[in-house]
Amino acid sequence: MSHNTFGNLLKFTTWGESHGEAIGCVVDGFPANIKIDVKYIQKKLDLRKPGQSKFTTQRNEDDKIKILSGVFEGKSTGSPISFIIYNTDQKSKDYSDIKNKFRPGHADYTYWSKYKNYDYRGGGRSSARETAMRVAAGAISEILIQNSKYKKIKIESAVIQIGSEKIDGSMWDSKIINKNPFFSPDKKMIPIWEKLILDHRKKGSSLGAIIEVRVSNMPVNIGEPIYQKLDSELSKAIMSINAVKGIEFGAGFNIVEQDGLTSSDKMEIKKNKINFLTNNSGGILGGISSGQDIVFRYVVKPTSSVLAKKETISKNKKNTTISTKGRHDPCVGIRAVPVGIAMTAFVLADFIMIDNSKKIN
Amino acid sequence: MSHNTFGNLLKFTTWGESHGEAIGCVVDGFPANIKIDVKYIQKKLDLRKPGQSKFTTQRNEDDKIKILSGVFEGKSTGSPISFIIYNTDQKSKDYSDIKNKFRPGHADYTYWSKYKNYDYRGGGRSSARETAMRVAAGAISEILIQNSKYKKIKIESAVIQIGSEKIDGSMWDSKIINKNPFFSPDKKMIPIWEKLILDHRKKGSSLGAIIEVRVSNMPVNIGEPIYQKLDSELSKAIMSINAVKGIEFGAGFNIVEQDGLTSSDKMEIKKNKINFLTNNSGGILGGISSGQDIVFRYVVKPTSSVLAKKETISKNKKNTTISTKGRHDPCVGIRAVPVGIAMTAFVLADFIMIDNSKKIN
Amino acid sequence: MSHNTFGNLLKFTTWGESHGEAIGCVVDGFPANIKIDVKYIQKKLDLRKPGQSKFTTQRNEDDKIKILSGVFEGKSTGSPISFIIYNTDQKSKDYSDIKNKFRPGHADYTYWSKYKNYDYRGGGRSSARETAMRVAAGAISEILIQNSKYKKIKIESAVIQIGSEKIDGSMWDSKIINKNPFFSPDKKMIPIWEKLILDHRKKGSSLGAIIEVRVSNMPVNIGEPIYQKLDSELSKAIMSINAVKGIEFGAGFNIVEQDGLTSSDKMEIKKNKINFLTNNSGGILGGISSGQDIVFRYVVKPTSSVLAKKETISKNKKNTTISTKGRHDPCVGIRAVPVGIAMTAFVLADFIMIDNSKKIN
Amino acid sequence: MSHNTFGNLLKFTTWGESHGEAIGCVVDGFPANIKIDVKYIQKKLDLRKPGQSKFTTQRNEDDKIKILSGVFEGKSTGSPISFIIYNTDQKSKDYSDIKNKFRPGHADYTYWSKYKNYDYRGGGRSSARETAMRVAAGAISEILIQNSKYKKIKIESAVIQIGSEKIDGSMWDSKIINKNPFFSPDKKMIPIWEKLILDHRKKGSSLGAIIEVRVSNMPVNIGEPIYQKLDSELSKAIMSINAVKGIEFGAGFNIVEQDGLTSSDKMEIKKNKINFLTNNSGGILGGISSGQDIVFRYVVKPTSSVLAKKETISKNKKNTTISTKGRHDPCVGIRAVPVGIAMTAFVLADFIMIDNSKKIN
């Protein structure tokens, strides 16, 4: 029962609306005496920050994170860590239209129906702005992992498809991912996606994306049965990100085209080590990490806010149209990449602590 | 923190191993004074029961469910409802081989690595036998829904693809789904799937499946933000089912091929009622039901246990092969259908109670 | 949100009614590969068992515990451990009167009001019979502690007052506690309490008791701030036992008579070890164990079911009287002793796992 | 698993250290569309505020509360409500001594032992300053109750004993409680306690207190069995308040002196209404409210920080002495009164929502 809290042993609770005074996050259960580098957290936030390139929203938020508690003399104290970001560029006037109309594809209608009193300014709580705080929680989870016995775990993520344009499946150049505005792991997609996005922006339209996450140097044993499987928790985590419509692990939906002879990952001893011949499972067996890379993909729908007019209805039940003039991402999937990494890091850090708790002597 | 418990206000905890004396489930939080029809629950279990047709495992379990507590004079008392099924047809000898070898695609390796002491008989706790208890919990959740103000909610599910053979997307004949051994909603697939499965069984192989769930007569307002979204919880629930590798809502992964002009479901007033022109969202906006049908699909990998030999390793780290002679489902996805319905019913019942709790006067 | 579940990392869920077919308990989160001695658990249950002496109820339950899952080849598997006890001596006829009348001091009225459908046979779920399962969960928690790095922890409990008759505060003879029918730590109280109880039974009356729990060889560091303090969780645990009306730690309510100069436990270094000069705190500072003995006391009210007539009302709102002819404990506090130990053991085992989870490298 | 979170359906999470930049609290699960009067919350905080009279600490905190999220146009939105209070009068220099020594009776030793990195300034997280945020959470819970169907519930609390000086048990003058610096319900104790406290302050000492809470106009049905009893949750809540060493309900520990004939509260029909002849149970039967007044008492130990010297040890394990020169409450129990009310209000509001959730149609 925790609408705005995620996690088990490690927990984070986010609060704040898109156009309120501030947004924040409280991380509870974080072990004591770990060095907390605020610059590292800020760097992660900067990857998600709006206004970074012409391919993301021009909303201009500083997103300067501040720690209000739980860190003393540079180290965690074991007490709750409270993060805050003050909102600086709300421009509420951009959003006046949505006070009376429901934006298709947004949570306007359901929030209004459920809560009656709804902060319509920029989506209020349902805005993707909330994900900034996930990135902070994820960054501190990465710090936890780096200070654990599993410090070698490496989480990478990249956009692998925008619209109908996919990368070549074998291309995954880790070095370039964070150095292009699309988090592309495949150099040759950069100009293609650039043109595609600019074309759609011109039309007042937007694009969807598919994102892949790869976790390497995974230990075996992370995850718990039966209702707390690693893939089950990762799915919950990723599906909670705004605009995500699906998730798949390893061979994913395509596994339906394989048969039982090839679909299970065969095992062998190779140079005295356990080796899997394929990774259709995405690195998880029975909900527990097998030591292979964790691999999963998720799809982010095209940004719902577009310049072009859409049919919708008003709160007083009249047919009307709406076009969103605000500064929006032409492909919101791009900025989901650091959020997906954050949620993954958080889930792993939490599970490391859970697995640890069983080693009672 | 609940490895073997699922739910929030309504909770169920399952226990028991595939080849132990019994399996069971405790449902807590169930409202009092609701008529409990054990026959209804048994009927649901019979849909999942092994040995129903030549297209499922020939393991012959009665799966006779018994209620040990929480029901008095035919009605729920508000106390925990304890279900038990005694295992009758364990045939432990079939499984002696897996004592020493890891079956590819199964949880044998990860459980052995994590727990050291592992009940290898038929997969122990990681066996799909556990899902019988999910069906019981789901059936009683359906009873809850039928006694709530949302009694009209209807949950249907069908297999829509086996191997590469898909139904025609527009075919969904509710009347035939439970009357054919494949839970097919499309009559013309029955002979095609029959031949496909028998061919694979002959080869000692197996097949995957894609399953669709449709919930109609949904009220608006079911689901909670931000980390307890309806789609997020359903994903957690469905991904926890054995062998599921992916889930998608509404337009799912294909939404990446749409643009922002068409992908958001436009709204209109039609005959004085709110109407959506499409259902790309799968009936959920911002994690809350919109009143449209909930629509999602999940993929079940081919049964990992096959008759044909597969490369694997032994517990003492030698290369070897394994072929599973036990009685297995040639397409385990078929028997997942009632389990997916059960998890869906449970999630909805839980959310109905959560939504209800806010109406404080 | 867990009405019938207790615990955090380690959890147990109880089910079953006093006069149903069986009662049971599912323990989840128990670490794998720990030797489980069912005889040890049975021995603990026998201490609570009815019919042990003329000073407890003559209801004659075997209380034979059976493990249905989670233990394989004598060791825990990491899967949920399911305990069951079949009820054998229900004698439902003894209870026919309470179908229509509310027994003063019992939960009859509140359960009937809250649930409408109430299993009135012997109190149904609200019966102290439920505590048998707490003892099982506690016994397995003791096994966990004995297998942890804190294996030296020793939990003792004794009755220190029945009616107005208290032990001499300095008397605590561990060796005799389990060897007299009153769990008295003070030999000279045995004949006094014997006479007192028999006198009250003769009058058709009953007596209350105060029970003390002492945990020695405690490590420092057990417990978590702020809302999960060791004393806070122990209070929740103990107050959930039927008929308990209060709990106090260390100097308890009497600390109000001390002043700030004496009430805080002073510290010194003695033989190179940290030593406290007094133990007014009961071994807990800021919710965390200090390494001193944990000491607390709780009060159990006189058995509400007495032979003598009491004024009450019927379900159809008429004034009437009731006398309970069933076989009841003349001092139910006596049989609470093993239950209090069990809850204490469970809380400690859970906290050991929580503390452990933070040691991430 | 929530060290810094309290509650089930309604939850609050506190953060912040005594001498950090700010303290705060996030309330989650609060129903939407309820009018939030910040002045009401501030008024409650002012009752707990330091520096109110010469009988409390002279630390001079404004304790000005600010709401950062979850309230829009004066009403709750259903989103998390984030409270913040900036610390203004930290005077860190007062506390330099405790950097190297453990203050007896404080959490210094256990926090230092458990966390290694401990914010020693004024007790950091373990300081009673944290309770300001409980008062905010409690005030908003009172607003919830006032907007529920149980709006008549009234929570009162008073100090009934300081040192050895108790009120006359029958004196409870609601009108004066908040109008004297001791929260005394008995006028004649005011000069007695005044002298007592000033005497102890002069000696550099401090005093303990016993506090009573009375909840009137209680409906029946609030609370849940078996491990979520109303008295069990209230005990957890109250025992989590700094310096509380015990709690008792109704007749409390004294019930041990009664017998089974008198101790159970008899029932009668009086003027067509259900009436209890006594209230030994404190208004709770089987963990569920009976409709009688909820009555409980708790004891707060004497303030541990005193001016007089106490034996203690230093972090480098040397014997030494400490005297706390900071500005401390001579009787910290006084300022616990609004905190106890707050925790009670929160527990009740949470349970009202839980009970509500079961009414599914």
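Here are a few things to note about the model shown:
Letters A, B, C and D mark the chains as written, and numbering starts fresh at 1 in each.
The criterion applied here is as follows: a residue touches a chain if its C-beta (ideal position, glycine included) is under 8 Å from a C-beta of that chain, and two chains touch if they have at least 3 such contacts.
These numbers were taken from a predicted model, which means no experiment stands behind them.
Looking at subunit B and subunit C, the chains in contact with each of them are A, D. Using mean Cα coordinates as chain centres, the one most removed from subunit B is D. In terms of C-beta pairs in contact, the better-connected of the chain pairs A-C and A-B is A-B.
Inter-chain spacing, taken between the CA centroids of subunit A and subunit C, is 46 Å. In this assembly, the C-alpha centroid of subunit A lies 39 Å from the C-alpha centroid of subunit D. Here the spacing of subunit A and subunit B, counted between their Cα centres, is 26 Å.
Residues of subunit B in contact with at least two other chains: 1-5, 8-9, 14, 32, 78-79, 114, 125, 225, 354.
By the touch criterion given at the top, residues 1-5, 8-9, 11, 13-17, 20-24, 26, 28-29, 32-33, 68-70, 72-73, 75-82, 114-119, 124-125 of subunit A touch subunit D in their complex. Listed in rising order, the residues of subunit D touching subunit C in the complex are 1-6, 8-9, 14, 102-111, 113-114, 125-126, 130, 161-164, 200, 203-210, 220-221, 223-229, 231-233, 235-237, 239-240, 242, 245-253, 255-261, 263-269, 272, 274, 277, 280-282, 285-290, 299, 301-306, 308, 310-313, 317-319, 354-355. If you check the complex, the residues on subunit A that touch subunit C are 1, 9, 31-32, 78-79, 144, 147-149, 151, 225, 352-354, 356-361.
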